[in-house]
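Each chain gets a letter, A, B, C, D and E, in the order it is written, and its residues are counted from 1.
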Amino acid sequence: MADALKAVAADVLADPVFAVCALVAVGAAALMVTRRNPVYGALWLMQCFLAVAVIFLKLHAPFLAAIHVLVYTGAILVLFLFVIMLLNLQPRELGEEHSRPAKGLAIAVCGALALLLAASFLKAGPDGAPFRDVKPVTVTVGASRLPISADDWGGVEHVGSELFNRFIVPFEIVSVLIVVAIFGAVVLAKRKL
Amino acid sequence: MLSDIHWLSILTFLPSVGAAGLLFARSEEAVRRISLGFALATGIVAAFLTGAFDPTAGASMQFPESVSWISAGGLDVRYSLGMDGIALSMVALTALLTPIVILASWRSVTDRVRGFHASLLLLESAMIGVFLARDLFLFYVFWEAMLVPMLLLIGVWGGPRRIYASVKFFLYTLAGSLLMLVAILAAYFQQAEPTFDIGRLTTLLPGLPQATQGLLFLAFAFAFAIKVPLFPFHTWLPDAHVEAPTAGSVVLAGVLLKMGTYGFLRFAIPFFPAAAVSFAPTMIALAVISIIFGALMCMVQSDIKKLIAYSSVSHLGFVVLGIFSFTEAGGQGAVLQMVNHGLSTGALFLLVGVIYDRTHRRGVDDFGGLAKGMPVYAAVFLIVTLSSIGLPGLNGFVGEFLVLKGTFDVHRMAAAAAALGVILGAVYMLRLYRDMFSGPVTAARNERLADLTGLERVALAPLVALIILLGFAPNLVLRRTGPAVEAALRNVTRSGPPEAFHDRR
Amino acid sequence: MTVTNETMIALVPALPLAGFVVNGLWGRRLPRPASAVIGCAGPVLSFILALALFQASRHSLTPLTKVLWSWMAAGNFAIDVAFRVDALTAVMLLVVTGVGSVIHVYSIEYMKKDPGFARYFAYLNLFMFSMLVLVLADNLLVMFVGWEGVGLCSYLLIGFWFEDLKNADAGRKAFVVNRIGDYGFLLGILFLLAIFGTVGFREMESRAPEQSAALLAAPALLLFLGACGKSAQIPLHVWLPDAMAGPTPVSALIHAATMVTAGVYMIGRLWRVYASVPWVCDLIAVVAAVTALMAAITACAQTDIKKILAWSTISQLGFMFAGMASLQFQTGIFHVVTHAFFKALLFLGAGAVIHALHGEQDIRKMGGLWRDLRVIFVTFLIGAFALAGFPFTSGFFSKDAILTAVYERYFETGQMLWPLWVVLLGAALLTAFYSGRLIAVVFLVKPQESAEGHERELHRPGWLMLGPLAVLAFLALFGGFLHPGVDRFLQTMDWILPEGAGHEAAHLLNAGISVVIFLLGFGAAMILYGFRRDLVDKLLAGELARGFHSLAANKFYFDEVYRWTVVAWTKTLAAVLWFIVDRLLIDRLLVEGAGWIAYRSASALKRVHTGVVSLAAGAMAAGVASILGYLLFRFLSHA
Amino acid sequence: MTGADWGAAAPALCLLGAALLAVGVDLFLPRTRSWGLTEWIAYGGIVGAMGAAWGLGGGVAFDGALTVDALSRFVATAVLVATMLAGIVSADSLGPRRVLLPEYYALLLSSAAGMVLLVMSHDLITMFLSVEILSLALYVLCGITRTDPRSNESAMKYFVLGSFASGFLLYGMALIYGATGTVFLEGMAAKLGTATSATALAGVGLLVAGFAFKVGAAPFHMWVPDVYEGAPTPVTAFMSVAVKAAGFGALVRILLGGLPAQAEEWGPLVGALAALTMIVGNLGALTQTSVKRMLAYSSVAHTGYALIGLAAAGALAGRGAPEGPAAALFYVGVYTVMTLGAFLFLMFAGRPATPASPGRDAETYDDLNGLARRRPWAAAFMTILMVSLAGVPPTAGFFGKFTLFKSAVDADCAGLAVLGVIMSVVSAAYYLRVVVAMYMKDAPHETEEEAAAEPKPDPSAGLAVGVSAFLTLAFGLAPGWILETARAAANFLLR
Amino acid sequence: MTKYLLLSAMLFSIGAYGVLSRRNLLVVLMSVELMLNGVNVALVAFARFHQNLDGHVFVMMVMGVAAAEVGVGLALLIALFRNRRTVDAGDLTTLKG
């Protein structure tokens, strides 16, 4: 496992963009969960999302990176901020915090979780070796065998053709999900009966 | 053809039909009449079957019935019933006691009459089913099905601590029987072709290795020991008896306790003979302890029902002793003792019920000098008391003697220790009789108690008659149970007295 | 229509049983005379049948038997309800039915004012039935039915006047003490059953010689324990004096004439077994002699007329057992017969006295009754003479025979147990003494203390009471002359007499000593209690004498010792087991403890469920971490 | 779109269509008329879905996204029965409590649709989405009595913990995808079968944890009592059984359909979960004073029992017939009936709504005191249900436990069976309290007039309880055909 | 490849820590979003690794789910705040035991 760890370290150092983005993402995330005021938390979360979007780009997922920024920062975080403002919490309404021992316990549990997950990645493959990088290749997609070039891998066309061919059912279902969410929000938020 | 009629199903479910029929009763009196009617009808069927039963047919099951019940997923549960001598005697006892307790509850139960009689009839169905089932699954279903009606009988129509007592009864029994369930399952899978058929299990299971047998035997024995109840699993019994209404006590003592000993005789021993043999010393020790401990407990009780309850522990100890003597005399005596105990203890509880109905008291100290105002009651009580302490000439003696005879042949000290129970029995029962009936009338409220009413006499008469009849002619039972007992103990029997008595001829 | 012997055998017990059923079920609705007739008809008719059977058995070489039905059968073991009549049975039958009939008749008058008249006769008939079953039984188990049956009747009749708790307690004591004996009896049966495979008398008799003495010792001892209970031998004799709580005719019938001799009868029945184990017989002889002496001493110090007679009975039973133990069974049996005559007579006489004195039983409040109750006095005197061994009365012959038997077996052979004979002589002396004391105090001299009962009119007995007294007095007086006949008859039992038995010299010696002893004892009592009352007080003035007297008066403290040992220990044990084992250990600790553990852990669990979201989430995360850890560990340990 | 596609989608479409229709009708009709109608629209949807599930063809549809097989039919039936019974009682109970009935029914149906889709889904994405649909709808349903703080709290807790669990579930799916390279269950087993990787195992662990949350297995159970207690009783009834049925269906599908090669790993895991769940659930229920909360804990306990079947399947994987999952599914089926009946009984036993007051469901044991006198039939039914939950013959609960323990003993997991047995005794203690309260205690100071003046309880709830009790007895006495159906469902792989 | 996965694990765990350690429900909700985000990283990385777009589609769906969850969650939060005037998870202890 130590070898695998060394390899990862070397890999990270060889890729400064990833290194910076990862650092920003993790740092922002850590700050987000520790800020007392949710407004700051939301802003740090935005920072984190942006860094993750860059990483998506690095993973040949340009379309995802784009909608990631749109959906998360553009929709979700804005909604959060709306609600924060709607509630207009006074400092004393922010509530109390857990005690230090409780937080220590939480750190222990989550640390263990992180370590275990990491260990499982470092021992990922069936042979116990970590995953290796692979170069993108030419692919064809869908029932109609729509050819997609290697450069377009992960692009709009690629994602779209997958989405409307193989994954039509999830796509339809997610619409149902959103309808349900709307029903729910309406029911809960309607002022009068 | 008579043989084409499903007699055993009729016998088993007639009371249930009666319970359903109660729904159509308009008045409480009608409920009682219907209930009595069905119980009597069951009794008549049982009487008919007792007559039709062929005692010369050996240990084979008579009036057999068998249809597939659940056959899914490799599970082959059959609804099969059959009757041999042991089952016959127990069923007859059940069918006799139920109408009697209905009569005895005629005036004393006035609250929620319909529910009371429904519980009683359902209970009867389950009890008869337990004795007739020839499929282990079916047996278990009946075995457990009887818990709820009994729970309600104790808990709804019982005394002040009825809730504690009924729940204790329920949990105690459930704990034992659920363990038995696991053992049933384990036994099921121990064979090449899994089956629940009791007949086939009886031939297949004895082939199991000793260690497996031991575990399974323990699980079965645990369930049965609680039901019997054997020391130290007996503490539910006094509570249940004290709080139960008369009908509950009678059925509990008369029939339910027998299911434990019946289970030993029918399942634990024939299924796992090797284990039974190796555990026999333990069981005999527990039985002897039960006999003496139960009797000693009786000496310090101030509640009549509690006293009788502990006397049941003592008496049932004799039954277990007889069974685990693995002799035919012991086994026969045990079965007879089961019947006897049902008659005499049932009658005792009925009698306590009589006095409780009049005074709403059960303490030994609450009474005194009753013989003066209630001579008939006193006489009946005396006969039953004497039966309970095993006076020769009454039924109790024969069973006890056969048990002791069987035990003595294989385990002299155990028999000698158990026989001490005979002395102690006289001590506590006669103390009870003295305190209740002798001396001047101690309390003003007891001065004008009415003697047994006609209804009560009708209820008690069959019991007293049988107590005397079986004392002189126990063969009425013994010749019917003989082959079945012999078959049940076939794998474990050591025949005849021990060698020591013969080699010096 | 001819009545066969078999039918008669069956009828003998059946007639009293019928009487019991009729009087028991419908007695309260019957007029008294009807109850009385029904009650007496059974025993009397049985007596007539017994006479017939007696004749029949004299002319029969083999015992007459009657198998009624198969009682119980289990496996290879079966017992019939079967009766037999041989010489021993016939003698006992006559005694039981004869004396029984007489006492029944006597009871009619004695009990005539009692509200439980019919119940009394029902019980008495039930007793007759049980006793006849005991006597007629062809096997030990049927005998046991009768054995316990008579015990039951004894219990019922002692506690006949149940409204007094004292009586009920006495009955209960009798039953329980008897049960202790019966425990031995039952085990004895089991032993014999294991040895012989049967408990039929005939089979056992024929097979007993084949068995080793070691094997038969245990059952012999255990059965003797039963006999101790029924026949009130030490250490189980304590119930009999208390049993006097019952009506006096009951004491006469059950606790003097018949039931208490069942033990003796049993040994006669099982003589082959006892003959095979001499050392057990020696032990019986010791017990019997000690009992005879101790009871005689106690009798001297009692003041209740019935208690004196009760102790006397115990003492006389000791004599009987001594006779049996000397293996000259006919002596014991003959004493049973004569004792039945004179002791029944004494009890009935005592009953008449008590009746006359409106229930007074304390002899110190009696006195000078000979003038008023002449017939009673005469009959009582005959009884006392017979008891004391006045020459040529029945008791003289039978006691002499026993003394001779003991003399021959123990004294003459110079065994270690030779003092037994001396002890028995001492007992005989005391017997004569207390008999004399009774006569003197009750009938001759003026009462010591005046009781208010005396001022009342004496209750004079009618012919229904006097008739039986006369019959019994006749038998007590002349019954001794039956001795040779009974002896000869009993010889058909094939009892093997020990060597050196029955020589005339020993007989004469013992007869002579008996006469001397009678004179000494009776005379001393007459002097002390009749003329020189002051001497009694003087004798008792000494510290030692007073101590001894109180020891005797208190029955050697057997009751107290039992109360503070066996009874107290059992009660304490029961209480301790109840509180500590049953309630505390099993119910509290184990049963409720299991529930308690469940509830404790449940409430601990309840405290964990605080409802805080983070906690729930933490539990989930920890659960996930554990799962991952487990899986990773498995993976790594595999890979 | 082929016929098979439509057939597969039809049940969910029926439900969703009915949901939309219910809301839509509300827009065009006055409330007085539309509210009565929505109820019937919902029933129509459910019946339609049921018909579609059984009537239309089976097989894999939409390129392997959905599948219709015996398993999906079995679970869908349980879900739809639960939906139906919960729906029947909802209108009368929630209407007076100022709940928007059209939206309520729409959410109920959507949730049911999510459940139906969950058991039909044949790829991880659909599965995840289905879970989210049913969860989101349930979050809202829990909080649907908006003015009730307890309802709010219940919903909030459920939501926070549910999304937290969704994270784990999702991560597990991601890791499985990472290990296999596909999200479709078809072919997943083949890819995983050759060799096991740490990532796959971690994925399995996370997945099991995620579903363990949904079915309420310890230590992922802590939301269960709080949420069940706070939610409106019809919702509690619905989710206590339907979610469990769907969750078990999904677990069976994914563990046996997707990950049979890892049985050696997840078998003991599920076994440990089963043991812990039985202990925690039963002990937790023991000290409750609220019957509703007791039933919540009891539902945890029953999850534990049902997990025994899966553990047995894990232990037996590769050899022998799938008796374990069959037993688990059978148990879930009978559990559905029993628990639904029990929760609905609480409504029936409570104070019915009157024009003056919105009514109150029975909640504590004391609320049930003396009920046998007032409502003997209901008490008898409840007794049957309690006895069945405790596992006493001749009820379905007994036979369910019997088959479970049987599968455990068969798979050499007798330890689990013994623990189950011991815990059954513990459970009898608290189930009996209900019977004790109903039959053996007396209602406090209720005079004749009060009793007479008491409004009649909602007959629909009584009917639902009666149906449950009847089915409980029927499944106990004649369990053959439902057990066969469960076996067929568990045999979905062999088809 | 592994580095992305490690990053994903880090983000996921930090999100989990946020859920565990914070009582402000708004922050808790954000932490859940962070967890989902962490999963997204892994999904995209796996998609890249396996050279299929199943992961990308999954991520898109997750985004939809996240949006829906936030919508419902915030609606619940508002309803709760209206009734109880609190967003403190530690105050949600009416239901316990």
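In this text, a residue touches a chain if its C-beta (ideal position, glycine included) is under 8 Å from a C-beta of that chain, and two chains touch if they have at least 3 such contacts.
Keep in mind that this is a model prediction, so the values were computed, not measured.
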In this assembly, which chains make contact with subunit C and also with subunit E?
-> A, D
Any chain that touches subunit D and subunit A = C, E
Greatest contact count: chains A-E
Nearest to the mean of all protein Cα atoms is the Cα centre of chain B
Could you tell me the distance, in whole angstrom, between the mean C-alpha positions of subunit B and subunit C?
-> 36
Please report how many Å separate the Cα centroid of subunit C from that of subunit D, as a whole number.
-> 77
CA centre of subunit B versus CA centre of subunit E: separation in Å?
-> 64
Geometric centre distance via CA averages, subunit D-subunit B, whole Å | 43
In subunit A, residues with contacts to at least two other chains | 98, 102, 106, 109-110, 113, 116-117, 119-121, 123-124, 128, 131, 166-167, 170, 174, 177, 180-181, 184, 188
Multi-chain contact sites of subunit D, meaning residues that touch two or more partners = 125, 129, 132, 136, 139-140, 143, 146, 156-157, 160, 164, 175, 178, 196, 198, 201-202, 225-226, 287, 429
At which residue positions does subunit E touch at least two other chains?
-> 5, 12, 15-16, 19-23, 28-29, 45, 49, 52, 54, 57, 61, 65, 68-69, 72, 75-77, 79, 89-90, 92, 94-97
Interchain contacts, given as pairs of chains that touch = A-C, A-D, A-E, B-C, B-D, C-D, C-E, D-E
Residues of subunit B defined as touching subunit D within the complex | 69-75, 112, 115, 137, 140-145, 147-148, 151-152, 155-156, 162-163, 166-167, 170-171, 174-175, 178-179, 181-182, 185-186, 188-189
Using the touch definition up top, name the residues of subunit E that touch subunit D in the complex.
-> 5, 12, 15-16, 19, 25, 28-29, 32, 35-36, 38-39, 42-43, 45-46, 49-50, 52, 54-55, 57-58, 61-62, 65, 68-69, 72-73, 75-77, 79-80, 83-84, 89, 92, 94-97
Interface with subunit A, subunit E side, in the complex: residues 1-7, 9-18, 20-24, 26-27, 29-31, 33-34, 37, 40-41, 44-45, 47-49, 51-54, 56-57, 59-61, 63-72, 74-79, 81, 85-91
Taking the complex as given, what residues does subunit D use to touch subunit E?
-> 124-125, 128-129, 132, 136, 139-140, 143, 146-150, 152-157, 159-160, 163-164, 166-167, 170-171, 173-175, 177-178, 181-183, 225-227, 229-230, 287-288, 293
Subunit C touches which residues of subunit E in the complex?
-> 16, 19-23, 28, 89-90, 92-97
